[in-house]
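Same chain, two partners: subunit A is paired with subunit B first, then with subunit C.
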Partner chain A sequence: MDKLTRFKEIIAQYCQVAAEDMREDMRFREDLGFSSLDFMSFLGEIEDDFDVELDEERLIDINTIGEAMNMINGLQGA
Partner chain B sequence: MRNEYPLTAAQNMHHQWIREYGTQQVSGVSIVASLKAELDFGLLKKCIQLEIKRYGCMRVRFTKPDENGKVRQYIIKHDPRDIPLKDLTGLSLDKADDEMQQWAYQTFDGDNRPMCEVTMVKLPEGYNGFFVHMDHRLIDSCSLVVMINDIMKLYTHYRFGSEYPEDLADYEQVLRNDLAKASNEKRFLKDKKFWDDQLDRLGEPLYSDIQGPSMLEKARKDHKNKKLRSADIERKDLFVAVKDYVLEPDAAKGLIDFCLNHQLSMTNLLLLGLRTYLSKVNNGQEDITIENFISRRSTHDEWTSGGSRTIMFPCRTVISGDTEFLAAAYEIQNVQNRIYMHGNYDPALIRDEIKRRYKTPDDTTYVSCYLTYQPMPVKTDNPFIKDIPMHSKWFANGAATKKMYLTVSHTENGGMNFSYHYQTASLTEKDMELLYYYMMRILFKGISEPDLKIGDIIKQV
Partner chain C sequence: MNNLRELWDESANKYYNLPAVRWLKKKEICEKTYGELSDDIAKIRRGLKAAGFEGSHIALIGNSSVCWIQAYLGITTGNNTAVPLDAGLPAEDLTDLINRADAEALFLGEKQAVLAMQIRKECKKIKKIWLLSDDDIEDALTLSDLKAAGGRAEDVPGRGEDEVATIIYTSGTTGKSKGVMLTQGNLAHNVESVDYTVEPGAVLLSVLPIHHAFCLVMDWLKGFSLGAVVCVNDSYMHMVRNMGIFKPEVMLMVPLMIETIYKKLSSSGPLIPKKIVANKAFGGRLRIIFTGGAHLDPFYIDKFKEYGIDVLEGYGMSECSPVISSNSPEDHKPGSIGRPLKNVELKFENGEILVRGSSVMKGYYRMPEETAKALKDGWLHTGDKGYIDEDGYLFINGRVKNLIIMSNGENISPEEIENKLALHPLIGEIIITGENNGLVARIYPDEEVVKSKRLKEESIRTALQAVIDAYNREQPSYRQVTGLIVRNEPFPRNATGKIKRQEAAA
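Moving on to the complex of A and B:
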């Protein structure tokens, strides 16, 4: 399974949108209905699943699926 | 052979309270859910029995405590119990509530036994439904609401032919996942670092009491330590009283709109109101800690697996009087968001670390106020019954482990309910009245003038 597919599958556990219907410009809060708790719990799971360490000061800049994916790619040096 | 599992951190929180206070009563949770409608009690019994099959947490039992007081949990496969029916129609609704309140005081003593009871009830004024009494190690308020809604869906399926409810997540599988997450060493070290960093940065917390500095001053005298920063916990007289205040829909809308317009969560606004009150009555104290309960339910499985996932973490903020109301709200939100990210950590370890660093005396605490915000109302979206008047009520277990525990929830008509559970050993209804009055004054002053400084709000209210 590629990274993006895995990423979307994790997101799908937190919302009502199916992984295959997700677009990179979708916003976590407004489009996917994440609460603050959902979003931060999700990021914690992403850290564990992708074995990265997110910069907690920069998390406020993440609004969309694409931005989150870019951050992970950057941390993994992809 | 049965599978046995250790308790999760959230379950262990309740288990430790049972041990510390020497009674299971502190872990009781009870609710009645009823509709103003004739019910087929034979069918309702079938639905409740079916729910016990569907909702694994209702079949959890505990082993006998080992020499260290620890228990393990297991899930029995079948629990073919009878569901009794009690007729309270001869009473007024208030008296019926009083009767059910007595049921809520009952304890589940012993081990290897059912830790939940469901009773069907015929209530006055045409209300009919069921009363649920459970041990908090099995269920929290979110999962109780899920359970009530699921029973209603089963009932309307069999009674009116509505769609059969979707399967609920498997309690045992979710439990295994939770325990696996808790044993992830890398995650554990990240979480520990977050909490340790807070202590490195801010040092020992400082107690703030609802009634002002006198409690801390008394503790300092009693412990013969002028620098003591924690105050004594009431261990003997645990009797709790409850005082509810309802905020009318128009006023509640003001708070909700403020949160929406400023991308704030209601929890953080409430924390700000509560901490500002504590600051006001403690001579402007800036370092305030409130224990805030987090539901830890985000994924579909976490929402529908039942169980006790709610856990409390200290929300500690140091906010000066020169900080503007909105900026203070964002400061709390920032702290809370980071706590959410580290919410898998066992909060008992935070207290252990504080005790290790600062030699906190036994039976003392830094916290007098505890907050739970429940965004989910006890209201069904079931189209077959959504227009039928409902009588639902949470019952206190009668024994408080906390000096003051505020539960804020939304009412069916768009208002908000502020339910103050307080230890009567040191607090009175008048204290709760003052707390609610000033909390509201602070919040409404703040949302009407978000640029106003906290210190000025304290002076003006």
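Moving on to the complex of A and C:
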């Protein structure tokens, strides 16, 4: 399974939108209905699944699926 | 027990060699016993006296940590008053609260250390700031410096039952947060009166913000009174992982957490046995979740029972130190908020719940008018409507006051946000409402500004969204506005000129 598909599958556990219907410009809160805690819990899962360490201070800039994916790619590439 | 000194000393003596606190440092689990923690608390208490603080208000800003709780108990088992503040608030709100609380010293979390300079500049009464760290840090005083100073100093006795132990800030319906004064007796009696017990050594994982009365009193003070090990959750991001690491038996949660965990549980599909799912999600030992702060759909109580976990709902508010009623493992009714505690008397006035008892606050700090409105002849007007059923269980069925209760238990005063946003010239009229667990702003743009700038509908919307985005960046997540509705006409008003909130939100 490619990274983006796995990423969307994890997101789908927290919302009513199916992984195949997700677009990268979708916003976690407004479009996917994430609560602030859903978002934090989701990121914790991403840390474990993708083996990255996220900096909580930087999370404020993450609004969309694409932005979150870019952050993960950046950390994995680093 | 009549004060926190008695409460703490009794636990420290009884459970001296048992672990009191566990926390993570990187990936390593650290712990302190009751004996070690007691020693630290006494050093801080003596250090404060040596530094000249007696009968002083001392603020705390920081996330949950072993240093935070040491400092809190160092303040309150001695003869000072603790003022715990929400570390997520914008700097201007924090400095305002420090000033309004007349705080003379401050314990500041390492993550919040950048605020120190602004606080020194704007809070003239603050004489000392200690960072909540056990390390020595150059150019800053830390908890370790205070403990070192306290090592040689004289001790002080605990305070009397009626003296103020803590001032906790809570959302005011008038838009200005109010400092709830809780006495030593208020807190000690609330701890004693909540009817549940665990064996000494039982593990609790504390996941709520520590400056909230529910977490401070029920996780920490109640946990310590029972000889439990209270574990620190270092981040919401790691709550599920930390449940696996610490393996708690009991947790306090707000409904939002229960909803989030349930989403995860239910996504695992019907083929995996519930016991295995629960082991993975909760660490394998969790049997009780106490919840309060907002309404929980009884659906979750049934669902969690399938995973072997009792979800027990309670009711309280900071003004009552905080628990008023609670379901307990032996005595509960789903959908109710339990029976009133033994130190609580209840009565109803036009459906509103009124509370009297030894955990009811002394009043709001320096707000005599607000105090007189809330406390009449010793009866606290809760602002909630409810009733007691034939079996003695309390139920809530409405609200008197205009507060938005988020499912994380935060009470939001819509006026507070409206007043702030209304300062922007483009905002003519604004109403904030709570919908689907988010905040929605309904805005009627200022006619003059729209006319003079010749703004079109779409650019008005873009400009208003930018105002909200700028506001959100400064706010903790529970106070962020996530929806915007732009109105084409002014809000309906009543005879006295006030906006009719119910109609405005329809």
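Just so we're on the same page, the second predicted complex is superposed on the first by the 77 of 78 C-alpha atoms of A that agree within 3 Å, B and C clash if a C-alpha of one lies under 4 Å from a C-alpha of the other, contacts with A are read in each partner's own complex, and residues count from 1 in each chain.
Here is the rule we use: contacts are C-beta pairs under 8 Å (C-beta built on N, C-alpha and C of every residue); 3 or more make two chains touch, one makes a residue touch a chain.
For clarity, every value in this text was computed on a predicted model and none was experimentally measured.
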First (subunit B), second (subunit C), both or neither touched by A:Ala18: neither
Which of subunit B and subunit C A:Met40 touches, first, second, both or neither: both
First (subunit B), second (subunit C), both or neither touched by A:Glu30: second
Which of subunit B and subunit C A:Glu53 touches, first, second, both or neither: first
Doubly contacted subunit A residues - partners subunit C and subunit B: 13-14, 29, 35-38, 40-41, 43-44, 47-48, 56
Complex contacts: residues of subunit A adjacent to subunit B: 13-14, 29, 35-44, 47-48, 53, 56, 59
Of all residues in subunit C, those that touch subunit A in their complex: 235-241, 256-257, 259-261, 263-264, 267, 407-408, 436-438, 473, 477-478, 482-483
Sites on subunit B touched by subunit A in the complex: 181, 184, 186-187, 190, 263, 265, 294-296, 298-301, 333, 336-338, 340-344
Subunit A to subunit C touching residues, read off their complex: 12-14, 29-30, 33, 35-38, 40-41, 43-45, 47-48, 54, 56, 60
